[in-house]
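Chain nomenclature is as follows: A, B and C, assigned in order of appearance, with residue numbering initiated at 1 for each chain independently.
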Amino acid sequence: MSIIPEIATVIEKRSLDKTHSLFRIVFDSEKKRDSFTFRPGQFIILSIFGVGEAPISITSSPDEKGFIDLCVRKIGRLTTALHELEENSKVGIRGPYGNGYPVENMEGGNLLIVAGGLGIAPLRSMLRYALWHRDKFKQVSIAYGAKDVESVLFRGEMYSIAERKDIKCLLSVDRVEEGTLWKGHHVGRVTDLLDMIDMPLKDTSVAVCGPPIFYKFVLRKLLDLGYSKGRIYMSLERRMECGLGKCGHCVVGHKYTCIEGPIFTYWDAINLPEIF
Amino acid sequence: MIFLTLEKKKLSEFLDALSREFRLVVPEKKGEKTYTFSHYSSFNKVALEFLRTILPPKKFFFLPKESLFNIGNDFNINSCSIDNADYILFGLHPCDLHGIDILDRAFSYKGRDSFYWQRREKIGIIGFSCLPDKYCLCKSMRTDFIESVYDIFLYTLDNVYMVTVRTALGDDMVRLKPELFKECTEMDIAEYKERIKIRDSKFIRIIDITNLAELLTLEYKSEIWEEYSKKCLFCGSCVMVCPTCQCFDVYDSTDMISEYSIRWRRWDTCMRKDYALVAGGHNFREGRAERFRFRYLHKEIGFGDEHGKPSCTGCGRCSETCPAGIDMTEVVRRIRE
Amino acid sequence: MDKPKVGLYSLTSCSGDILETTNIEEDLLTVLKWIKVVDMNVAMPSTGETPDIAFVEGAVTKDEEIGFLRDLRKSVKYLIPIGTCACTGGIIARGPEERREWLSDVYKEAGEDIALRFPRPVREFIAIDFSIPGCPIDKNYFLHCLGYLLKGVLPEVPNYPVCMECKMKENECLLHYRRLPCMGPVTRGGCGARQPSFGRPCDGCFGIYDDANVEALKAILKDIGLNNDEIQKRFDLFLERGCT
């Protein structure tokens, strides 16, 4: 795998809220467009030449061919520059990197997705994968929480998924601003949604992603409910510079998050030195 | 593997011959008390008495700063040309050979780093024996001898060097001046055995690394880390001079003269505050004591699982270089107590 | 697309930083293909245009300089102090705050009429976007930063000490081996270890960096034979005043 990126074009840029946008990216090389495959939970490293690079998880599903979607928060030097790009601007893409979710192990069982805020970005890829291959999973549920209605990313998409009969999709916000329409299910914590979801403990994989405080409460709740530490999958955020297990920045204990992760079972994560 | 001898006074002829065929790198004096590996100019500048250079030989294949590619307004990526000259590095002690061995593993772990290997593969290595000083920890780290990495190894005896030729490239080197080399005699072998014993007895400081990985893990919360982090300047010197430190930072710049955007990589250090900082401001290793401990754990436990051995070669550079006088031996001894 | 307009302005200073930009010499013409200089008092008359990027050298010592900075801030995209005086107050901010006596010593009666404020850095009066320190600035680092600004992004602050760049150049450590009072371990990098590379200890003109362990360096300076007063002087030269 090379540290040299491929040239790609931002063909569409859609604002999701004040600080988040969805970027649809297409490789310029037709060959690369056809050959690029990835697993849900993997990430790419995006370049804006002259500015730098940043690791960003892929939010589209591997089944959607010809493009990748990135859901990005405007937060650092590179993501700010990315938000300032106009459509049809050139960027560099390399990857995919990381292990991704172990979909082979998850298939055949139940799937519970628990997302908080921007944590939906890698999980949306997993969700879309599960919907595409719905027959490969038994029950599928998603609990997604955000701080307010405006911050529920992919709101329209989530509302329509919630109407499907073959998946349980529960949405929650911390608060509803006056005069805002909330078609979700709950006002409160995302952990409350977990009580409303009745998933068997056996054969259930739980994919969790969100900010640090979210992890703290959700993991405790999942353990209380009795889910196995070996089947709870977390996505660890670290500073990934090379993506190739060389530069050292993403190391936790002695593991390169960029190649051994970013997806770790809760059990593996708590057994990493310096994790907590 | 073949064993030969080379008369000490003939070394200059050998190096001259090598320098005509290859780009020869030798130890030279740098400042008043320091040495550096630099390009051979004449034999009288070769500092055979040297023990350690400021920077380890990694600087020839893992460059302090290198451009990975450049790109113009046409969005064509031009990979930067890699200097392919065949280097021969002369005078590497066993610790530095181990350092190269560990870096070789690191830069091949789950995928080869092409920038490293394009240079590394072109490099020939002549090992050179040494006698330890107070910073040398190779015997403790079990890196005081090596049977790989080098092409030729020169072991100093009274009047001759015992020459071990390990590879075909080493053989090519010897055959540039075959008349300089002689068969090994029984007397040479006897002297070689004697020399090994003498060298062994000269190690002043020995640290015990038995169960060190476990002890360091058990002492994870020790106050020692906090104590040393008050003394440490976090200047990064120990990392820059380490033969096995591999961290780098990737960044871009725009060269206004050539009108290219250039992607660079440059040595970095885990001691640096922003090392594990992510966009949005969360820092996964902000505290000084945490950073100090992280480096020690990496050197002494290393990527044990991946590389099969600790990352410290006992070369003593970090201890000798530290402006704050922090000595690895002392830190390890304190942890053991 | 129009070339971005760049203005270089002087407050109270020796003009050394803007002068240093002229040392770009043979490459200056190439640089001018990218930008239009609208103001640079050491080299040309002002074109009267408002710049997109303003570089300001020197410390603030007069009330009219504050007014000038406020107006400038309103009209430019990037306002960037260059040189140590503009970034931290610099050499002229050393010594006692009360200087009335000095003025009359140097300028006799005329000194009475000079309204002088104690020299302060630019950022104390207006918001700045970035700073390019150095006494004088390093022309290569200046170009490096300008390259980013033309891309519409701010450069990354070099948050590492001079020692890292010094080691990469394989210099013999002046502090450690020659016991010279080098400020490299606490000083922000970016200059490529300018002074140590010539065998002179770093004076710290890029200012203190975020993670500097000042106490540890003071202990070492004491160890190599400096007394408390001498140590304080080393820190006062560029580092501590206006940095804390």
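Please note the rule applied: a contact is a pair of C-beta atoms (placed from the backbone, for glycine too) under 8 Å apart; a residue touches a chain by one contact, two chains touch by 3 or more.
All values derive from a computational prediction rather than experimental measurement.
Q: Please state whether A-C or B-C has more C-beta contact pairs across its interface.
A: Higher C-beta contact count between the two pairs: B-C.
Q: Quick check for the class: compute each chain's Cα centroid; which one is farthest from the centroid of chain C?
A: Here the answer is chain A, farthest from chain C.
Q: Per the centroid of Cα atoms for each chain, what is the distance between chain A and chain B, given in Å?
A: Measuring from centre to centre gives 40 Å for this pair.
Q: Between chain A and chain C, what is the separation of their C-alpha centroids in Å?
A: The separation of the two C-alpha centroids amounts to 44 Å.
Q: Cα centroid separation between chain B and chain C, in whole Å?
A: 37
Q: Where in chain B do residues touch two or more other chains at once?
A: In chain B, the residues touching two or more other chains are 251, 253-254, 261.
Q: Hunt down the residues of chain A that sit against at least two other chains at once, touch-wise.
A: Counting only residues that touch two or more other chains, chain A contributes 50-52, 77.
Q: Among all residues of chain C, which ones touch two or more of the remaining chains?
A: 147-148, 151, 156
Q: Quick check: in the complex, which residue numbers of chain C touch chain B?
A: Touch list, chain C to chain B: 27, 30-31, 34, 143-144, 146-148, 150-151, 156, 159-161, 163-164, 167-173, 175-178, 184-186, 210-211, 213, 215-217, 219-220.
Q: Can you list the residues on chain A that touch chain C in the complex?
A: Chain A residues touching chain C: 50-52, 77, 80-81, 84.
Q: In the complex, go through chain C and note every residue touching chain A.
A: Residues 147-148, 151-154, 156.
Q: Contact residues on chain B for chain C in the complex?
A: Its residues touching chain C are 30-34, 36, 54-55, 59, 64-65, 230-237, 240-241, 251, 253-257, 261, 266-267, 269, 272-274, 288, 321-324.
Q: Per the contact definition, I'd like the list of chain B residues that touch chain A in the complex.
A: For chain B paired with chain A, touching residues are 68-69, 71, 75, 77, 79, 106-107, 109-111, 113-115, 217, 220, 246-254, 261, 263, 265, 268, 270, 275-280, 282, 284-285, 290, 294, 297-298, 301-306.
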